[in-house]
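Look for subunit A in each of the two complexes below; its partner is subunit B in the first and subunit C in the second.
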Partner chain A sequence: MMARAMPVLLDGLAVTLELSALAIVLSLIWGVVLVLGRLSHLRPLRLACAGYLQLVRNTPVLVQMYFFYFGFAMAGLRLSGFTAGLLAMVLQNGGYMSEIYRAGIETVGARQREAGLALGMRPFEAFQIVIFPQAVRLVLPPMTNQFVAIVKDTALVSTLSVADMMFRARLLIDRTAAAFEIFADLTLMYLVLTAAVALLMRAAEWRLGAVD
Partner chain B sequence: MQDDLPSQARRRSLTLGIGGLAAAAALPAAADAQTAGGESRLETVTKRGKLLVATSSTTPPLCYADKDGTLIGFDIDIARIVAKSMFGDPEKIEFQVVDSSGRWPAVLSGRADFGIASTTIYPDRAMRVAFTTRYMDSGQSVLVRKDAMIGSLGDLNDPRFTVADLSNPQMADRAKRFFPKAKLLTFDTASAMMLAVKTGQAQAMQMDTPVVDWYAHNDETFKVLPTLLGNVQNNAIFMKPGDFTWWLYLDTVVKEMRTGSRYDEYSAAFNKWFGRNPPPERFYLNA
Partner chain C sequence: MPNVLFANLPFLLRGAIVTLELSAVCALLASAIGIVAALAQSYGNLVARGIALIYLYLMRGTPLLVMVFAAYYLLPYVGIDVDPTTGGALVVSLYFGAFMSEVFRAALASVPRGQWDAGRALGMHGRRLMGIVIVPQALRLAGPPFINTCIMLVKGTSLVSVIGLAELTLTGREVVERTLAPFQVFGGVALIYLVICYSLSLCGKALETRLPHA
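And now, the complex of A and B:
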């Protein structure tokens, strides 16, 4: 049964991979936008970003998915399950990413930036040469956790009629009632996926010299 | 002494962790052994003094939650008649809420004594779980938005329309047979399907006749297409197979409800939820 279920689950793997990759890349970008707002000199912008963060961080991503899928449809905007799921994941994880960036930048510290300025660097140069290379090493480990969380959260889109691995596993279980075998397969596949993400990130850490 | 505590606790949690893993791995085997070991579930339930029943909370009017979150519905009443038959008390029961695909592992793992969740008998399902005889007729109907201007199954067979399905293969098979050209969306609860139709993500949904009748009765933007998808079907109680004593007991109670000593309670529940008497099983039975 485990062997027979595999090909069907592998069909779902393509959807899970696509959704994970898009969610990770878009969250990284959205996080940059948010952290720029968060560290901006403009108070209203800072407050807006902090408020946004509280909103997305303190509501379950599943509720957000339902809101974009069913709520927007009620207002006449019909997003596909994939789009609604991706949107919810990017909005939430972008918020988390921005916090990770912020922690990295603030850990390196304002003094080093001032030191850079004192040496005659322009503010952007101080960021580029002094802050950024150190911050990158600091943010990689928490980022790995976030990427793994994103991969796991993709299973939630199965409730919005998106045919990912979880969705296919449910259909299989309903056809065969072989719940244990199929969930074992599914667990294994998510484990391989998250382990691959963690390994890739580990390699990136080595490359950037974050690991001593 | 105090220094010992943390390491002791750590050791214990490690043992627990390993034990948990082993238990998880042995779970299906252990559940089989329970019946092979001689004790029927009937004895287990009797000793325990209450029933553990898997059901759905999103399938009105068969099993759903009222405003306070209490489970109500025809299926819930049927389960309570079983509890009353066993313990003389319809309250000696604990419900476990599951979704459409979660109902099989709920009984196969032994977590629930039986399941009653708007479940239709199909031969392929009967290969994995044991069904009693039916406690009610079922069928599959189509609920549509009135503003979609769908009058028949023929109208629905059009790529302009999207139909919400439940995540089971019978739904997919019927969709292929009755409206192959329509687009499909698949959800895991009846309420999510209804929400999809209500919000316009879909224009129609297929579901058990009593459920769509109830939705249409409670929301005037919906209507039910007059034709059934296929023929009359059977809803039944299901359980883990292999325990003849337990199956026989439940099957007997269901038969007693429909045609014998429990008929009065059964027909009262039927009237309460469907507003009519159950269809006659014996022409000489008092209605």
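And now, the complex of A and C:
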């Protein structure tokens, strides 16, 4: 049974991977936009970004998914489950990413740059030699946690009828009643996926010189 | 338009109370599990450490939704017949217990070595050393991350709606089915979660500023 469930789950893996990758990339970008707003000189913009952050951080992503999926459908602008799920995940995780960036920026700070310049570095050199290695060391570990959280959150789109691994596993259980084997397979696949994300990020830390 | 929300607010608030009760029970259980797992991981023998590590790895690497459905589908097979409330509470507690254990483990690890030495120099061992010197300091350090994990837990309880536990999110879905006003109702549901979680984060802020540094 273990071997028979795998191919069906593997079909769902493509959806899970696609959604995870899109959500990670778009969250990274949305986080940059948010942190620029958060550190802007315009007070209203700063406040709006801070308010946004509290809103997404303090509400469940499942409720946000329902809000977009059922809300837009009722308003006549039907979003697919995939799109609604992706939208909710990007809005929420973009907020977390912006906080990770902010912590990195505020900790490394302008003085480090000035110190680099005072030592006769050009601005790009100061960034490359002084700022970047310190920022990477601060930012990558929490970012890894966030990526793992995103991969795990993709399972929620199964409640919007998106045929990811979780959804296919439930279909299989309803059809075959071999619940133990299917859950063993499913758990194993998520474990491998999250471990792979963590390992890749660890490799990135090494590569970027963030590990002593 | 917001009339739909106001008319159904009593239902949603009843759901919110279930969410609050569920969260409180789960936070207590998860803390207990977390402390045991953290102690097992930090000071246990080889077997205890192995079991703790497998548990932590399993919970942190799989989605909560998978665990919720696993409990729903698998427990009846092994002859454990639990209602959604008990099953949901158990799964959420076990899941966030793994995150709590990290909170406590990190807190224990950040009590400086010198504090252990100082305690031993004063002739303390085992339970007294832990109880008088180490744990009180660790608890102070654990405050803010503990609150963060509680916020994650409150949000996590929304997932047990899929197995039929009528907490805030499922109540919201039921109200939407009746009123066909998803924006207002889910917006209202989100606001209620916001109030709960934001209050928690204010408690966290207070903890951070009130507690003296270790």
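Note that the second predicted complex is superposed on the first by the 190 of 212 C-alpha atoms of A that agree within 3 Å, B and C clash if a C-alpha of one lies under 4 Å from a C-alpha of the other, contacts with A are read in each partner's own complex, and residues count from 1 in each chain.
Here, a contact is a pair of C-beta atoms (placed from the backbone, for glycine too) under 8 Å apart; a residue touches a chain by one contact, two chains touch by 3 or more.
Just so you know, these numbers come straight off a predicted model, no measurement behind them.
In the superposition on chain A, A:34 makes contact with neither subunit B nor subunit C. Once the two complexes are laid over each other on the shared chain, residue contacts for A:63 go to subunit C alone; subunit B is not touched.
Contacts of A:187 after superposition on the shared chain: subunit C is touched, whereas subunit B is not.
Applying the stated contact rule after C-alpha superposition, one finds that A:176 touches subunit B and leaves subunit C untouched.
With both structures placed on the common chain, the touch criterion links A:195 to subunit C but leaves subunit B unconnected.
With both complexes superposed, C is the one of subunit B and subunit C in contact with more subunit A residues.
By the touch criterion defined above, A:55 reaches subunit C but does not reach subunit B.
Of the two partner chains, subunit B is the only one that A:161 touches; subunit C does not reach it. By the touch criterion stated above, A:74 is placed in contact with subunit B and with subunit C alike.
After overlaying the two complexes on the shared chain, residue contacts for A:152 are found with subunit C alone; subunit B is out of touch. Judged by the document's definition of touching, subunit A residues 70-71, 73-74, 158-159, 170, 173, 179-180, 183 lie at the interface with subunit B and also at the interface with subunit C.
Residues 57-58, 60-66, 69-70, 73-74, 77, 151, 155-156, 158-159, 161-162, 169, 172-173, 176, 180-183, 186-187, 189-190, 193-194, 196-198, 201 of subunit C are the ones touching subunit A in the complex. Interface residues of subunit A facing subunit C in the complex, by the touch rule stated above, are 54-55, 57-64, 66-67, 70-71, 73-75, 148, 152-156, 158-159, 166, 169-170, 173, 179-180, 183, 186-187, 190-191, 194-195.
Taken in their complex, subunit B has these residues touching subunit A: 27-28, 100-101, 104-105, 108-109, 124-125, 127-129, 167-169, 172, 185-188, 192, 195-196, 198-201.
Contacts from subunit A toward subunit B in the complex involve residues 69-71, 73-74, 76, 78, 81, 158-159, 161, 163, 167, 170-171, 173-180, 183.
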